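Just dropping this structure here.
Labels run A, B, C and D following the written order; every chain starts at residue 1.
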Amino acid sequence: MHRTEQEQAELLKEISGVDTKKCMKCGKCSASCPAYEEMDIRPHQFVSYVQNGDVKALLKSKSIWKCLSCFACVERCPRDVKPAKLIEAVRLMVIRERGGNYLTPDEVPELLDEELPQQLLASAFRKYSK
Amino acid sequence: MQVEKTQEFRPKIVAFCCNWCSYAGADLAGSSRLAYPADVKIIRVPCSCRVNPMFILRAFQRGADGVILCGCHPGDCHYTTGNYYARRRMTLLFSMLDYLGVENGRTRVEWVSAAEGVKFSTTMNEFVAKIHSLGENVRLGDLRCKKD
Amino acid sequence: MQRIGVFVCHCGTNIAATVDVARVVEAAAKEPGVVHAEDYQYMCSEAGQLKIREAIKEKNLTGIVVCSCSPRMHENTFRQAAERAGINPYMVEIANIREHCSWIHKDIEEATEKAVILARAAIAKVTLNAPLQSGTSRVVKRALVIGGGIAGIQTALDIADAGYEVDIVEKTPSIGGRMSQLDKTFPTLDCSACILTPKMVEAAAHDKITIYTYSEVEKVSGFVGDFQVDIRKKARSVDMSKCTGCGVCQEKCPSKKTPNEFNRGLNTRSAIYTPFAQAIPNVPVIDRENCIKFKTGKCGVCSKVCQAGAIDYEQKDEIVTQNYGAIVVATGFDTIKLDKFDEYSYSTSPDVITSLELERIMNAAGPTKGHLERMSDHKPPKSMVFIQCVGSRCADKRGKSYCSKICCMYTAKHAMLIRDKYPDVEVTVFYIDVRTPGKNFDEFYRRAVEEYGVNYIKGQVGKVAEKGGKLLVQGVDLIDNKRILMETDMVVLATAIEPNPDVRKIATMLTASIDTNNFLTESHAKLRPVESPTAGIFLSGVCQGPKDIPETVAQAGAAAVKVVGLLAKDHLVTNPCTAKSDELLCNGCSSCEKVCPYGAISYEEKEVNDHGIRETRRVAVVNSALCQGCGACTVACPSGAMDLQGFSNRQILAEVDAICR
Amino acid sequence: MVYSYYPGCTLKNKAQDLDRYARMSAEALGFTLEEIEEWQCCGAVYPQASDEIATKLSAVRALNDAKEKGRDLVTLCSACHHVIKRVNDDMQNVEDIRTRANNYLKLDAPYEGETKVLHFLEVLRDRVGFDTLKEKVVNPLTGRKIGAYYGCLLLRPSGVMAFDDPENPTIIEDFIRALGAEAVVYPYRNECCGGYISLKEKALAGNLVDHVMESAVDKGAEELITACPLCLYNLKNSGSSKKVPVHYITELLAEALGLIKE
């Protein structure tokens, strides 16, 4: 199903439950984000990009694979915007498309090591693949 | 001409308006020349909470086809909380009227501020149209009051 | 039987163009009780009023109906006309045939028909009108001001200068309030104490002002013009008439570990103390919770060293009861607690401070004697970071939804003062918006940036972490879209302000309304900003909403004018359209009392004569001075005992009947 | 007192110590952790999207199992705790998720979030009490300087997790003190170590671990404890800074209770 960028933005808002209009553009999410330096589009920008219907750039952003799901942005946002939910929604939009997976089973063997906990694989597949 | 007039349904509509917001809103509708049907007659009360459900029952009994209560917006009541009392009382009354067979559309509560002349006029137009669609009220009318 | 006169106004062509005035007169004349009906070009004109007066006299009218414009326009005019002709002003009813009729209908037939019905309803109502007498109530020519900060002091001074007695009740041992804790004030940078202390002295010396410090309002009853208030004067344990304020007791007091409230806990004070050197009155109090004598019975050092013999361990709280015509609330504010904002490490690092704490640090009489230093190691900082909007503009439960209004300006002030006095200290301000609406405010902020080199960064701080004896500030610069990770020596938090927590208790005593943020509600946001909706209660300062000093002083003056306007009256005229209970019908159920927003209904055991049977019953009594005439009680009353004069059940039903006839 | 216990995938495998010591300590402290039957992996990541239902079902099954037994559900792994606690909150408060999850599961009675989810540490704090724990310590860890590593999942979002103050937590410090050791408070104890992304983003994870370790060392910690197997793995294996040893909370607990025989 093909959606326009605006429709994608609406869908992102719907599945994330984020009301982008609540943002007062203070940047505390980005100030709190431990993965900030690794991100090409920053947490606060996810909110304004979706608000402006600029979804294409987000779908290509490497930030969605860098988000740690640590919820620091959610916890510290003064306006209760929850940027992490928006980032996850974008990630879902990517991996729900055919070929969108960021991790495939054949990659796994070389990533493994002796002590690696099962939990890491379980979480990696949940975050990166559908 | 005369015959046509009597055949046309002219509803009787009573509007209770609180002195501070809605009555002033009606004044503003007037000074802004915002028309609404002449079927609406306004009774001034100090506050929407002054309106006793008995007044509304009496209106229906005496042949009114619709009754509307207008007060200040929630939080704006001149007497702080009067409109909340009114809202609760009317909710109860309307559900009882519904039970008695008086259609829900014949009664209405609306918050109209002193600045909302447009809203007052729109509300009255809507309400009169609604009453027109419901036709004459026969349920509570006191037969003794009925004139041929 | 009433003799009613009906007067139909043309209002030029405003009415007459769409309403057939003659037909209205004709129809009105046929209504029962109507003995006179006429129309005139302009009823509100002197000539029109004369017609009314003459008709009243000639036809012995007992009530009149004027069919004209809205009663909101000329009801008073016609009431006065009636009164001049010798009938009760409340025997007048208006049929609004202009705003509610001629102006909105085009069809003459329709409009005339409606005008007749409106006239009929007014006639039906006036038939049941009864003469009403406005009561009067006394005005006690004395005002109470709750709170002795700059708002309370200014209000009291203005009222007292107008010649009325004022009492100030202040909870702490001295007047002065928050302003006395400040170092300098924006935008002129004058020293706070230099401009405040003269006012404190003036208030203390004023022969019309009585100051109750270390005192609290305990109980309030009565109503506008005549409130009765109990003030609890807490035991000071020091005889105010004997104490000379020499300060030896404070010096010698062995208990010196109590956090010093005036210095925001940055240092400690003795158990016997005055909050600050310029305190008024300059008489210490003994903080009994921390005094060794009170805790263990041993000690008594202060008593031994006091040459004046002023120490009195036996002193008791005292209740002063006083009547007031008006009450002003000036309870001020505090900064919010920061325990929910520990991403800034306020709880864990002494070098993270609030702006109010910085005021004390920068003040020459403060804990560091005015030297800018870190509280952890007392070393001067090389760099400082200010964080704006801490707890303000929050949609979540951690903070406050509103802008605290003063922070942008005091932060610019702090930044500027520090750069001025310590040019080698780097100052960085993280902001969301810089809000400077005020005279010379934006210029002041720009000076901080342009002349003093304060580094303003648009963005917020996510975390402040102690590291290697310094503070690591992790923030973001939204303009450059880059991460800021900087080490600094001190972090200052522009902490949100909130109304003094005591205000809720006080508002309840005064039946003054309060909003979800605990700010007192004004009667009208634009037009009655210093009046509470409760008659006789006025608002001064931050208790009504965040304000800086100039605004507070302006509002304090405005509140004083309103108070003076009230106290200048010899008596108050009460609205006669008040509720009235029929004691024979009243069953004493309290339903009316519960819905009354004014506390105007009370109960009395009264002897009644019910058809010859004398008995004592509990019946509702309305205090007509308090009743505002909303009518909530009339509907709540299950037995129909409560009715509203001027808008009685019978009157309204008569209108309903007339309209539906 | 018997609690239903959800061990999760890792505790049955790479983190068997965390599990084993928890059960031993529980018995010593007078309660039993009874593993629920046929539990399934919770997925280790809470699915935040409103249209994700299937990924929440394993948590609902575990919650319902505890409900049917009339017990509280105890978890130990931070990720399991996070997922199960948040899914439970959804089942309580989000009507759409509740309806759809129940439609899928067709349980005897619909599950509506009745089960109380407790972290093992919460059992120690709120049910056993740290004072009681202190009394039961036979081998106090005197002189050891231990830093608590909370990570993110136990604390945030605080509205749902309600575990402790999200920015200045104290529960693990109180636990450390109860065991007789010195608790070292350091500011990065609630900053994420990047465990989730350590599979594919080694550099970033290493960076974050370095921040945590540096912060802990700066404040004088000589060892760290954590409740999360993923954090433990990541803190040990990522980054390049000077490291201190990292243990599971239960390892120290068992040691202090004298349950580990050398």
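Note that in this section contacts are C-beta pairs under 8 Å (C-beta built on N, C-alpha and C of every residue); 3 or more make two chains touch, one makes a residue touch a chain.
Since we're looking at a predicted model, the values are computed, not measured.
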item: Shared chain contacts [chain B and chain C, defined touch]; value: none
item: Selected pair, greater C-beta contact count between A-D and A-C; value: A-D
item: Averaged-CA centre spacing for the pair chain C and chain A, given as whole angstrom; value: 48
item: Whole-Å separation of chain centres (CA-atom averages), chain A against chain D; value: 24
item: CA centroid of chain B to CA centroid of chain D, Å; value: 62
item: Approximate Å spacing (C-alpha centroids) for the pair chain C, chain D; value: 50
item: Numbers and ranges of chain D residues touching at least 2 other chains; value: 167, 191
item: Contacts with two or more other chains, residues of chain B listed in rising order; value: none
item: Junction residues of chain C - those touching two or more other chains; value: 343, 463
item: Chain-chain contacts as defined at top; value: A-C, A-D, B-C, C-D
item: Sites on chain D touched by chain C in the complex; value: 165, 167-168, 185, 187-188, 191, 214-215, 218-219
item: Chain C to chain B touching residues, read off their complex; value: 70-72, 96, 98-101, 103-107, 110-111, 113-114, 117-118, 121, 513, 533, 577, 595, 597, 628-632, 634-636, 644, 647, 649, 652-653, 655-657, 659-661
item: Contact footprint of chain C on chain A as seen in their complex; value: 22, 24-33, 36-37, 42, 44-45, 72, 76-80
item: For the chain C and chain D complex, residues of the former touching the latter; value: 339-343, 345, 347-348, 463-468, 472
item: Partner chain D, residues of chain A touching it in the complex; value: 14-17, 34-35, 38, 65-72, 74-75, 84-85, 88-89, 92, 102-103, 111, 113, 115-124, 126-128
